[in-house]
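Next, two complexes with chain A in common: one pairs it with chain B, the other with chain C.
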Partner chain A sequence: MIEVKELKKVYRVNVKKPGMMGAVQNLFRSEWTEKTAIGGISFQAHEGQALACIGENGAGKSTLIKVLIGILTPTAGEVSVFGKDPRKAGRPYLREIGVVFGQKSNLWIDIPVIESYQAVQTLYRLDRQVFQRNLEQIVGLLELEPLLSSPARKLSLGQRMRADIGMVFLHEPKLLFLDEPTIGLDINVKHTIRTFLRKMNQEKGTGILLTSHDLDDIDEICDDAVVLSKGKLIYDGTLDQLKHRYVTEKMVRVTGRPRQEIRLLLPGARVSAEGRTTKVVYQPGQYSSEEVLHAVTSAFEIEDITIQEPDIDEVVSRIFQKGEDA
Partner chain B sequence: MIRIFMKMKEQYIKTEMEYTFNFWMMLVSGILTKVLSMAVPFVIYSYIPDIAGWKRDEIFLIMSFLFIAEGNCSVFFQGIWDIPAMIFDGQFDAVLSRPVSPLFQVLSYGMGLQGISSLGVGTVSLFVLLARLDVLSVKTILMSLFFVVCGTILCMSVYLIGNCTAFWYDSGGRTTIPYVAASVGQYAKYPVQIYPGAVRFVLSFVIPYAFICVVPVQILRGEHQLLFAAAMFGISVTFFLLARLVFERGIRHYESMGM
Partner chain C sequence: MKSFFRLTSISLQSHLYYKTSFLLNLLSPVVLLCGQYMLWGALYGQQGGTIGSMTQREMFTYILIAFSLNNLLGWSSENVLAKEIRNGTVVARCIRPVPFLVQAVSEMTGALAFQALVNFLVVLAGVVFFGAYMEIPSAAAVAGFVPCVILAVLLRIMMIDVFSLLCFFSTGYLGISWTRAALFDFFSGAMIPVAMFPEWLGNVARFTPFPYMIQVPVSVLLGDDTSMGIVQILGMQLVWLAILVLLHSLLYGCARKNMTIAGG
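The block that comes next holds the complex of A and B.
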């Protein structure tokens, strides 16, 4: 479905000198430097795949999405989606994909949501029955009924995002690009949106390419991931493998009053305390679970204890640390 | 396409009407501005009988054509003025990711209330003046319609070219070039013959406001009717094609630069 070969994208940026003098100088002579957003990456995604694109700010995620949509021209390398070059495939291609940018709305901001939907019906030349069927399904799943008659600018962020996500499914895209779709939303809305996207992916086979800072999004919606760091691809595979590759540690979280200094009992572990809760992270090869438990019971009057693998947040921050070391 | 375009505009009018007070204020202030701008020639002509062979009502007729063209642009093509902001805040990405002509999307966006007043004042005074100059007939009405269509296209093209400069310059969401163009164009409220050659050239072929309003009145006065009408048509088509080319080039630049 998506094929990216040696993709490179370099921006030319205006360098402004600081201060008033710099601003004045910039009026007469601008200086430019090159900034590499994507520095030669290759990966593939198959039909119906839900792929996450993980990366810190400025890693090149949004640039990658824009190149795949055909909004940006690559500096070098090849990109093909459905076997076509997005830059050249033009409108027939745009009809097959859907795009949601979390920070911007696709709705016409001043007009009622339902009118925006009807505009989409006309603009995408959708058959009336198809439109009606999709509309009903979307309205049902995303609980849009009460929002349809309000202008988009009067909606709350969560409502607007639901309306935006709904709109992009009206034309039954085969592939959906989502750039930070749940940014700034509360947990209920996030849940609704994630469940909806997952359902569409599994039932309709809609391919998904998602970027998000919210790793729960990625966990719930996607099976596979590519990880970008500073424009380089540093991982391409399943989400589970990603966790296993980088997570070799276990974590015990214990709440209770300390009796003894745990650091002395387990000198090789990383210990961090936050209020009455203490986190102990250790390598399984270093200590056995029994040793750890023994140490914890003697060090605390235990009120509550959990043993877990570090979550995906932990994984990602680990990856980026490694990326920086390299 | 036309249907959806009109439907968008209808929605924008409805939105504006929700704010009743603002709606009337804008409407009334718009009418006042236009009517008051007619006061200047009114005062001048109470002292001098004619300027370079132009009568007072002919000057008002020039203004009427300008008001109508500007009004049409504001009512129908207000979205052009949003281009710099759309580029700046990334909204343009959404425009480019839809399978619909970007120009159509930009034009369908937004609507200027002041334009309604401008259009109204212009239309009323056009009819009054045609009657006062004793040339009101089916023929002159049809001619006026042609002038208005050409004028609107010209006005739109100038705005579009001006606003498209934002594709090339990091403008922070605002650009002054189209404002400069529009305010220079205001000099064409008076017959361009009164200006030195260089100014006349600018107003005819660089910022061709003369063709929006002065040339139509010249045609109505009976000067070189066929030649001027053909020139108007030619200039309108040329500027429209030029504006479209600039817009498309702008998009290509946007695509290769990224913002």
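The block that comes next holds the complex of A and C.
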């Protein structure tokens, strides 16, 4: 579905010297510098895949999306989506994809939401029955009924984003590009949007390429990830592998009255306690799960116990720590 | 065409949404029109007869029609695309499966549609109440004027579109918009009929598309000697239209190639 080979995007940026002299000089002579947004990356995504693009600010995530939807021209390399070059595929390609930018609305802001939706029916040449069916589905799933008659300008950020995401599904895109779709939203709206996107991915097979700084978005919507750092691809694989590659420790959280000192049973583990809850962090190579469980059941009268997988927030934090150390 | 009409309707609705601003935009230029009448009335009052080659009656008709053509698009509706380019929201246009040019033309057509109706009523009222002081055109002149004015409006839309596209290459859209407005107001005959320019300046104006947006259509209506027949005039308008469409394609192609969209 998506094939990226040695993609490079370099922006030419006007450099202005500071101060009054710099401003005057810039009037007569412009100085330019080059900024590499993407520095030669390659990866593939198959049809129906939900792929996350992870990276710090300025890593090249948004640039990648803009190249893939065909509005930016790569400086070098090849990009192909559905076997076509997005730059040259034109309007038929635009009918196959959907794009949502969290910070830029695709709705016409001064007219009621339903009119924007009806415009999509015309612009994408949708059959009336298909449009009606899709409209009913997105209105139901995203609870859009009360918003349809309001101009987008009068909606809250969360309402507007729900309406925006609903709009992009009206023409049944085969592939959806989402650039920070939940930025600034409250937890309930985030949950609604994540559940909706996951459902569409699983039931309709809509491919997703998602960038987000909210790692819960990534965890709940995507199975696979590419990680960009300073324009370079530093990981391409499943989210599970990503977690295990960067976070090797496991954690057991146990609530209950201590019977004996856990530190004596697992001297190599890090133990911290808060109230009646104790956290035991260990390296899988150091102790087996069986040994840890045996020690915990001996040391506590267990009321509750959880064995936690590495957290995606921690994974990303470690990736970028390593990037900075390097 | 369905896409064009849908986008035109959206643009019209968007402009009607801001009621107060819309009504003020609609009516405030009438004050300027009254001012122009008084100014030219005073000038003719002192000299009498003709100024340049125009009689007072012709001038009053000229002012009314030129005003009605000039205020079809206001500053805010002219700058919609330029502002979108400036703040990056133009990306929404780029991902719609409709040609960029169709979107730009329909946006401006919607913006001027209602104003055109109001201006028609203003012209009608002007003729009914002040017809005795104006040159009333013949039916044949009106027949020539109609296609000429349609092409004039299209030319104006394309001129705004081309200048707006220049904003892809500069961070200061206001400078570009002011330059466009100054060139248009001066050379189109919106402020002073081109016929009153010094000969050399008149010749410069005739080598630009601007007079074909106001001066020429009004001259056709007044039956003035424009040194060209109606067929030639329509031909020249079509040539300028083709040039502006070509410029649009070149600029848009170049912009797409070098586009930078700031932020996430």
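Everything below uses one rule, namely that the second predicted complex is superposed on the first by the 265 of 326 C-alpha atoms of A that agree within 3 Å, B and C clash if a C-alpha of one lies under 4 Å from a C-alpha of the other, contacts with A are read in each partner's own complex, and residues count from 1 in each chain.
We take it that a residue touches a chain if its C-beta (ideal position, glycine included) is under 8 Å from a C-beta of that chain, and two chains touch if they have at least 3 such contacts.
All values derive from a computational prediction rather than experimental measurement.
Colleague: Give one word, clash or fit, describing how chain B and chain C relate on chain A after superposing.
Modeller: After superposition on chain A, which the two structures share, chain B runs into chain C.
Colleague: After lining up the shared chain so the two structures overlap, which partner does A:E180 touch, if you call chain B first and chain C second: first, second, both or neither?
Modeller: Second partner only, chain C.
Colleague: Looking at A:D110, would you say it contacts chain B, chain C, both, or neither? Reply first, second, both or neither.
Modeller: A:D110: touches chain B and chain C.
Colleague: Identify the partner contact of A:G102: answer first if only chain B is touched, second if only chain C is, both if each is, neither if none is.
Modeller: So A:G102 only meets chain C here.
Colleague: Check whether A:Q137 is in contact with chain B, with chain C, with both or with neither, and answer first, second, both or neither.
Modeller: neither
Colleague: Considering only the touch criterion stated at the top, classify A:S317 as touching first (chain B), second (chain C), both, or neither.
Modeller: After superposing on A, A:S317 lies clear of both chain B and chain C.
Colleague: Enumerate the residues of chain A that count as touching chain B in its complex and touching chain C in the other.
Modeller: Residues 11-12, 66, 69, 71-73, 91-92, 94-95, 97, 99, 101, 103-106, 108, 110-111, 115, 118-119, 122-124, 151, which sit in both footprints.
Colleague: Hey, which residues of chain A end up touching chain C in the complex?
Modeller: 11-12, 61-62, 66, 69, 71-73, 91-92, 94-95, 97, 99, 101-106, 108-111, 115, 118-119, 122-124, 151, 179-180, 183, 211
Colleague: Chain A touches which residues of chain B in the complex?
Modeller: Going through chain B, the ones touching chain A are 1, 3-4, 7-8, 11-12, 15, 89-91, 93-94, 96-100, 109-110, 170, 255-258.
Colleague: Where on chain C does chain A make contact in their complex?
Modeller: Contact set of chain C toward chain A: 2-3, 6-7, 10, 13-14, 17-18, 88-89, 91-92, 94-99, 256-261, 263-264.
Colleague: Which residues of chain A touch chain B in the complex?
Modeller: Touching chain B: residues 9, 11-12, 14, 37, 63, 66, 69-73, 87, 91-95, 97, 99, 101, 103-106, 108, 110-112, 115, 118-119, 122-124, 151 of chain A.
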